[in-house]
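What follows is a set of notes on a single structure, which appears directly below.
Going in written order, the chains are labelled A, B, C and D, and every chain counts its residues from 1.
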Amino acid sequence: MPWDRNQMAERAAQELEDGMYVNLGIGIPTLVANYVGDKDITLQSENGMLGMGPFPFEGEEDPDLINAGKQTITEMDRTAYFDSAQSFGMIRGGKIAAAILGAMEVAENGDLANWMIPGKLVKGMGGAMDLVAGVGRVIVVMDHTNKHGVSKLLKECTLPLTGAGVVDRIITNLGVLDVVEGGLKIVETAPDVSEDDLRAATEATLV
Amino acid sequence: MPWDRNQMAERAAQELEDGMYVNLGIGIPTLVANYVGDKDITLQSENGMLGMGPFPFEGEEDPDLINAGKQTITEMDRTAYFDSAQSFGMIRGGKIAAAILGAMEVAENGDLANWMIPGKLVKGMGGAMDLVAGVGRVIVVMDHTNKHGVSKLLKECTLPLTGAGVVDRIITNLGVLDVVEGGLKIVETAPDVSEDDLRAATEATLV
Amino acid sequence: MKKIYANATEALDGLLRDDMLIAAGGFGLCGIPELLLEAIKDSGVKNLTFASNNAGVDDFGIGILLQTGQVSKMMSSYVGENDEFMRQYLSGELEIEFNPQGTLAERMRAGGCGIPGFYTKTGVGTQVAEGKEHKDFNGETYIMEEGIFADLSIVKAWKADETGNCIFRKTARNFNPPAAMCGKVCVMEVEEIVPVGTLDPDHIHLPGIYVHRLIQGEHEKRIEQRTVRQKEGA
Amino acid sequence: MKKIYANATEALDGLLRDDMLIAAGGFGLCGIPELLLEAIKDSGVKNLTFASNNAGVDDFGIGILLQTGQVSKMMSSYVGENDEFMRQYLSGELEIEFNPQGTLAERMRAGGCGIPGFYTKTGVGTQVAEGKEHKDFNGETYIMEEGIFADLSIVKAWKADETGNCIFRKTARNFNPPAAMCGKVCVMEVEEIVPVGTLDPDHIHLPGIYVHRLIQGEHEKRIEQRTVRQKEGA
């Protein structure tokens, strides 16, 4: 049985090690925070915060305290605030150990597309290009195929890139794959998903 | 009668206007602070401070509070501290209205030499190159001639430069000169110093 | 050193002109100079270019200047919250230069620090790199991005003293310091002006040297995405 | 996340090797990592290159590593306070790369921010510009300076919490934040380690993400130029 959203998030949480500073994207990646357990993980919000806490209780929302998705959040004992230049300085400078983010397409060479569909609504890349270029490890969490059943793991991306050759690992509802020399390598499959199932759903070269 | 050190500093203080942020070099420029009177001047110390106060009283020295000359100083109500990258960011970015500094040589095209005598002791340029390249107005305060009576206002600098074409105004014991198209222009002479006296002591072209 | 003005309109007096480049602080609707934006709307100045991470929402933030058609170009990283923006962009009324968020912040800081260009890996191999100088350092390719030198900076802080030394609050700091640094003139709005000497010199986030004009005012501080959790057992 | 070590020697364990590049905080003798420098001396590691604004004095700061001949190169802006330095330099034992002070600070920050090169007007037309790439922006000439990527950063702060979030005190901040940022590993010494939650998140000067190892210790904090004024009427 393929993983659901929460199971994908739970699997992604296994990528995180004690002491890591991590940036989580919007969507499924946000759920990863629910599964870090006892591990001492510090979350960065790229609008200027390390040590991001959970959503506030009703009535305790602070307009001066939001995350990169513009949602109200809370601070923690370890929190530090800083400005956007400093925030992306630490991202670009490789101080963030890992980013977990969603994607529209990933290519077998690690190319990532997740910011723009030409001709459709153009919203902008936000901090995604900085994150994929700068952090230590880029982990993509996404459905293996789109709603039409077409593979999102491609030989080449068709959409404008967010970064070239930047993805390290992909966690989908069907399994876990690494970007290696020559293509993608299956690391693990979801329960009751066979490697053949996964191959059948994948356009990218599997090595 | 030529100006003495204090009179040169007093004359230099006239260059400063209300509201200015100013960097004062070591030596005579330091004395300028004694002559700003009622003008609201904020002194920068390039090691990371705006709003530099006077020397501390005996027994109140703080090892964490020094100026760019490594001397113990004090803070003021308006003081703000910052790191060296920020400090030189504001210098390089033109936020400091004026720097008043000493020199070994100034050339008629505004070249300045004040950091190195080849073959002799080499101490380093400290923040001088950043200051002359970045601040709004560079005012040199120095004796008109060296101890051998040789002009320090030259057609061309003989010593390694601190900055090329950076000086705006020169205040010497003999008078005040501006760097203009074609050479130096006498703005003012010290009391009982004639323009001819000043010309006689100057190698640089006077226009 | 008289930096304090009575209100946003007076603080902007003599600083606004058509076709100018304005750098604005804020992220989403958090920490935006809402009073100054309102005064710019009232001034009627037009053909503005804004360097600002976002474009506000339809009726708040820079959005109010889009409604009036006063903005001709945005330099931003994300504008997804604004329908009017999309309409003007798709109809060709509005130009947009997309900047990766960190590149935009660093470009502002660079401009403020007298750095006209710097190299970054961000955007290499993407549309963002097109037309930009590429250079290799230690076997890796980088692109050159240019410093932003704005005609005017408008920013919002929490508290400032009378000399403009100021502090921000939580994530409302965001783009405000770099935006403040990159303008020829910087006008700041704060929630409270305090006497000189009130703020600890070690706690100043942005020294007054960057702040030329200062106003105090009431801020709406609108929340864009109100998200909450339930108290356990509630 | 265990960052706290018992002493400087343990904090440096496994990090030192000959020929490495170390970025050190401090200006003059103010805010220098004195405990870590002492431990580096004791380690006997040699052929070190230091990126540090100054070289200490003969018997304090980096000076103690010059006495033992462990330093082969300095990247500094001013070394005038150190006689042994001058002797070694003039005799050719020691190499020096002079950097304008602001260029040195910005090179460290750039390295820490993933920026391998940037353009500055500082030093154009001087010896500092020789051999460097020149480029014109808006009719003015700039030179390219490269980011510093150090093998190790050693810095000193006033107080840090257990996660490494720290604050500096007055002008002892100086080069410490940029030096901390540019190292692959950063070891910090502080006067006091406080429990997490003690420091106001808005007052942190350098977030703990930059600090990998942390020690607390007694500091001499020597004053280089004791200057005082007389009380009036005294």
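The rule is short, and it goes like this: a contact is a pair of C-beta atoms (placed from the backbone, for glycine too) under 8 Å apart; a residue touches a chain by one contact, two chains touch by 3 or more.
Everything numeric in this text was worked out from a predicted model, so none of it was measured.
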Required minimum of steps from subunit A to subunit C, each step between chains that touch: 1
Chain labels contacting subunit A and also subunit B: C, D
Pair joined by more contacting C-beta pairs (B-C or B-D): B-D
Whole-Å gap between the CA centroids of subunit C and subunit D: 32
Rounded Å distance between subunit A and subunit D, as computed from the means of their C-alpha atoms: 35
Whole-Å gap between the CA centroids of subunit B and subunit D: 27
Touching two or more other chains - residues of subunit A: 75, 81-82, 88-89, 91-92, 134
Where subunit C touches two or more other chains at once, by residue number: 106, 109, 113-115, 120-121, 168-170, 201-202, 205
Chain contact graph, described as a line, ring, star, complete graph or other shape: other
Touching pairs - complete list by chain label: A-C, A-D, B-C, B-D, C-D
Subunit B contact footprint on subunit D (complex, rising order): 27-31, 53, 76-81, 86, 89, 96, 98, 100-106, 108-109, 120-128, 158, 168-178, 205, 221-231
Residues of subunit A defined as touching subunit D within the complex: 18-19, 21, 40, 42, 44, 50-51, 75, 77-82, 88-96, 134
List of subunit C residues in touch with subunit B within their complex: 1-2, 109, 111-115, 161, 163, 165, 181, 196-197, 201-202, 204, 207-210
Residues of subunit C that touch subunit D when the two form their complex: 106, 110, 113-121, 135, 137-138, 140, 142, 146, 167-170, 201-203, 205
Footprint of subunit C on subunit A - complex, ascending: 45-49, 54-58, 60-67, 69-73, 75, 81-85, 87-89, 91-92, 111, 116, 121-130, 133-134, 160-165
